[in-house]
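Next up, some structures in structure tokens.
Two complexes, one shared chain (chain A), two partners (chain B, chain C).
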Partner chain A sequence: MSSAAKTETARRPHLLRAIFSHRAVWPLLALALILVVDGLISPGFFRIRIVEGRLFGNLIDILYRAMPTAVVALGMAVVIGTKGIDLSVGSIIAIVGAVISWRIHADDPHLAILFFALAVGVLCGLWNGFLVAVLDIQPIIATLILMTSGRGVGLLINLIYGGTNPSFTSPLLQGLSVGHVGLVPTRLVVGAAIFAALWLLIRRTALGLFLEAVGGNAAAARLTGVNARAVIFSAYLISGLCAAWAGVVLAADTHTSDPVSIGLYIELDAILAVVIGGGSLSGGRIYLGMTVLGALVIQALTTSILTSGLPPEYNLVVKAFVVIVVLLMQSNNLRTALYGLLPRRAR
Partner chain B sequence: MLGVSKAFPGVRALEGVDFSVEPGEVHALMGENGAGKSTLIKVMTGAMAADAGEIRLDGHAVAIGSPSGARALGISAVYQEVNLVPTMSVTKNLTLGRQPKRFGLVSWSGARALARQRLKKLDVEIDVERPLGSYPVAIQQLVAIARALDDDTRVLVLDEPTASLDANETQLLFRIMRDLKARGIAMVFITHFIDQVYQIADRISVLRNGRLVGSAATPDLPPLKLVSTMLGRDYAGLHERRVTTSAAGTGAPVLSAVGLGRRRIMAPFDLELRAGEVVGLAGLLGSGRTEVAKLVFGALRADSGRLTVGGVDVTRGSPLRSIRLGMAFGPEDRKAEGLLLELSVRENIVMALQSKRGWLRRISREKQQELAERMIEALAIATSDAGRPVGQLSGGNQQKVVLARSLVSEPSILILDEPTRGIDVGAHADVVELIRELCGRGMALLVASSELDELVAFSDRVAVLRDRRMTGEIVGDAISRDSIIQTIAGAQS
Partner chain C sequence: MNEKYLPLVATIAVFLALFGIGGALYSHFLSTLVLGDILADNAFIIIAAIGTTFVILSGGIDLSVGSMIGFVGVVIANLDAVGWHPLASAALMLAFGLAFGGLQGLIVDFCEIQPFIVTLAGLFLLRGACFMINLDAVPIHHPFVEAFSSVSVQLPGEGYLRSSALVMLAVLVVAIVIAHFTRFGSNVYAIGGDRVSAALMGVPMRRTTVGIYALGGFYSALGGVVYAFYTSSGYPLAGTGNELTAIASVVLGGTMLTGGVGLVAGTLFGGMILGLIATLINFNGSLNGAWIMISGGVLLFIFIVMQRFLVGSFKFGRTT
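Moving on, here comes the complex of A and B:
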């Protein structure tokens, strides 16, 4: 073998390594794989049409349905970055839905109701922040309190004006949820705006550094002058606000306040999205873009199971399987083992 | 114990140590961190096997295979971290693993009686049904001793039992130790508190770097000799020191602490820092060096006294407040308290400066890079680039990152706790040189260090700590290894 050829084979594994060590690779591969399988099963899966002046198609549908989870997951990513967790997001969604329906029945202006909905998110975030930052309760327990009580609070709010699962109509809120701006669904536009705002907040101020510092080593962060308490408060506040927005979208979509089932298990999907996106539950790093990617993987999977003709009962089991595969691929031990194989194969 | 040796990969923890303890004797085992005390205790109590040497009990060689083997031979230990379960009742703690059984089930009434009987031997009468954690530390310590004491206990090892006790509680413990002594139990007592050794010990042995460097009856080993044996300094050394600049220590104090202290942590002390001077904090391990540094920086909240920085009262301050007032702190334990190991060198370096500016005024990426590169060059930090996670750097370079972080905010008061811990000789000299230079530029420095040579080399004043009390101050040309050792050892010698 000539020396040139030798260096060539020697270099290739390095390139492979570089590609495969980028954190976006595995979630992207998973997403691509799911979509390719979809394309094989149902031809025309990727077709995007314009119907009644808006975009239609499976890809748009995935984005559309993933958006509430993705927004919740963004807030979750911030909280997880501080070594915390927010289990109460589903319950915040339930309370927000109940408050919206209640105030619509009380004939409040709908813009004010939108404001109330976000205020609920702020209050819930402050409550969680208080429990974690001031009372020093472990995040999983602290947010469990609101997780269990929140849906009950939603049911009690429904009782204020009578009835279970009262329905409502609101052109403003429904416009934000199921309407469209030009060709594009409104919720995608708003979702993108939330992502951009959060990205600016985290990466263009020092908040992101402080959040990661507190998550990485709270004692060291405090000694370098980080106000850990305020930083933790801000994380739960962001998560509360994100959940409140998801609540507006989901409640307006279903036209009803149904605290028992709205946003059920969304906290689990959100946590999963963060983890698929490479976030570690031991804190210290926040990946916003990757988290959205994680949410898309989860939704793509759900959508493809539904469109593939498999009974929907398969959904959860298949989801669990794909999640395990993605997480295995991200495991350092497995990766090291795989890298060990790469150069040997090249030789 | 004869000729006991133990090696760990890369370290010889014990080398041919002879150690003995007699019935009815309290034998103090002294030594600085890493001297080999813990290893010796672990060999003695069967938690570790020695590589060489033999252990004799009553003149017969014995093989201690395990902690339970040691117990069977009558050797028990009470460790520094009380290894009991605070949420369980005193009864359960005392009888765990050997509950009296009845018909194959635990007899709780029997267990309670047993617990009371065990405590009675120590003259302790408490409600044995309450959770252990609801009692003060001193009582918990006594329960731990009660657990360690069987009827046939011959040797009791007490590893820093007084570390978290106050003066009265310590006296209570000593009273019980004297009782045990009268019953003929041999005790090995490990502590960092020099005064306590002279109150209770009959004999003292000193370990240093895994070797036994001194062993004598207490009256034959006065404090001065004890301290110099522990630190391994020649008694009559003369050492080079920096010529004190004439300007040092003449201005108004930039920081002053009056009667600052915190119960159980540090007795009230006075301290003043002036621009352009280095104040050293000397003392043995556990004497309160770190505590003084943290109290002054606001990382520990004082419960007595007053602290002012630049005329501002910061007695109820915080690290953030101190940083805003132009202070910086380099903590001793860089892994636990110093660095954000997963974050990059760049992020670690700008951290304190960013806190000072607040979260809204973010330092731009370019500026961060520039600051980081400047510090990397100035302190010769060996890293491939500023974006590397700081956890991947060597210990010495990590220490330099801690320094860099403190310096980048251009503080007027710099507090360093063990700035040369774990760094190589070359880097060590760099740091000492840097401290001198900073001081020359008008910075006020407070440097806690266990290295006497280092303190002698850069200090204008040295505050000496002993047993969590500030016991003396040495100024200017009077600073030498000898004078520091003498002050640490106490005035009585």
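Moving on, here comes the complex of A and C:
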């Protein structure tokens, strides 16, 4: 940055500068812009009605559909905070779906099945943690192993009792996924509870500090006495559990175990949510609220493409453009360069 | 022996061992026919993986490979339908791959956004573009494509090298020359080994980064061209997930994802190992696709752990 540009920046009003340098601005602007465009295209977009004793409307729908991605993204945010990454979340979801379907066909009590599902998440998390923390393998490659083989494991579990994509019903699990408590969908209530629990864990216990310390500088954290190995283990454990819960919700929603396509690309959406929320892949920071905001931006975009009448084929391209724009606006170099292009009067 | 060849030797040993296992299990497996088929069937993915090798050697990653393969095929097939010569559309797509990759590299370097995220956006963009052009598989009817497929060189035994394998071997040689005998190649290794030192030593960071991703884009576009010619069609879902196969080939080939360490030639054997596993499972007949995924993962695991303990020592020699 040239010295002239520096003084120009310094002359701007403090409030404006504070607002525009706050990390929440760009994702919030993106979300607001998407919603405004929606409101212009389809009047009544924001209307929320009560149908059959539950809330109903586009805004609720965005929250409802964003919930699995948001929960996965919360776990991802914790892992990314330790300078890691978890590519295996989609595969964990596939295994969870297969295990649920398998145990339901084996007539286990459904509450036990819920614990089995979470146990799958714990096991997968421990496996990833073992590879990263004990064998010291780079996270992207360590979790790539489970990512490539996990869906195969799901298919094999399906084969145990001879089904291809077996379907199942479970009042308990489906209640957790598509049911509602009072007016509010159950999955949103559970999602809020998961968020609150994670927030308390990260912001009100020492673990959060250790996670960010390990992500910021693992060697320094180790020297100050942080058990980096245990901290990294716990990060992948949290991510595995979050993915397992998303697996319960998604599998119960579709009533089937379809390991090939369930949760496909959810790891990419989750990573995007973290990055749109301002999390850096180089670790050291965990922004839980911003991550949820990132997941909402992604889902709002998808929903608005569907409601606007654009062909669904446009979804990926529009998503790519929004991601690129949000990211470019977060880049200091580009902001400075664009700022330099403005005529002097307008600065 | 120079320790930098250890991973390559390990990769070749694994390939030979797997080939030997196949020979012990099935008669007729140990033949140049099977070898030629593996080379031809996996040529497109190995070509793309060669480009990915440069990106990974520099410490980056390229997730847009699979979408590029699909996009190139869809464009070539749809241009064929309006009367373009396949060679003309292939040349156009190679230029596009070069430009698209270069743009990704520019964003990575100028905007300081992680390559993972930039190329992820590339993945979405190109796959979405496939869907926007055409949702159906489009055949390529031009006689040139048929002529291309019929070119082959006889190998000793009953096997032969098909045109896709020939293209792959040719561009592999080019890549080896670029990586090991040019200044650009040395710069790639320098950036991957230690970015800061490389910058301080005067490596032109922006030019090299753009060049690396442009090369990656070019090679994945070439992989797409070969795939489209080999299958004589363009399909919008083609190449889905191939970025991971490419990365796995690079890793199995002995290149470290931390960057700076590895050989381009290893990627050939890494890709062939994955192709060999799929062939073995197809020969068996009673195993299904689930086993391909699982054995791929298991092999990746064994290989990474082996690398970690056998050759990992020299990663630590470098960083501490």
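In this section, the second predicted complex is superposed on the first by the 322 of 347 C-alpha atoms of A that agree within 3 Å, B and C clash if a C-alpha of one lies under 4 Å from a C-alpha of the other, contacts with A are read in each partner's own complex, and residues count from 1 in each chain.
By our rule, contacts are C-beta pairs under 8 Å (C-beta built on N, C-alpha and C of every residue); 3 or more make two chains touch, one makes a residue touch a chain.
These numbers come from a predicted model, not from an experiment.
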Chain B versus chain C, judged by how many residues of chain A each one touches: C
Partner chain(s) touched by A:Gly179 [first = chain B, second = chain C, both, neither]: neither
Which of chain B and chain C A:Gly39 touches, first, second, both or neither: neither
Partner chain(s) touched by A:Thr224 [first = chain B, second = chain C, both, neither]: first
Contacts of A:Ala320 with chain B and chain C, given as first, second, both or neither: second
Chain B versus chain C as contact partner of A:Val275, first or second or both or neither: second
Partner chain(s) touched by A:Ala213 [first = chain B, second = chain C, both, neither]: first
Chain B versus chain C as contact partner of A:Gln138, first or second or both or neither: second
First (chain B), second (chain C), both or neither touched by A:Gly57: neither
Touching partner for A:Gly152 - first (chain B), second (chain C), both, neither: second
Interface residues, chain A side, partner chain C - complex: 85, 135-138, 140-142, 144-153, 155-156, 159, 268, 271-272, 275, 280-282, 313-321, 323-324, 327-328, 330-334
Of chain A, residues touching chain B in the complex: 204-207, 209-210, 212-213, 216-217, 219-227, 284-285
Interface residues, chain C side, partner chain A - complex: 61, 107, 110-114, 116-118, 120-125, 127-129, 131-132, 135, 244, 247-248, 251, 257-258, 288-294, 296-298, 300-301, 304-305, 308
Chain A-touching residues of chain B, taken from the complex the two chains share: 297, 299, 318-320, 322-324, 329, 331, 336-343, 347, 350-352, 354-363, 405
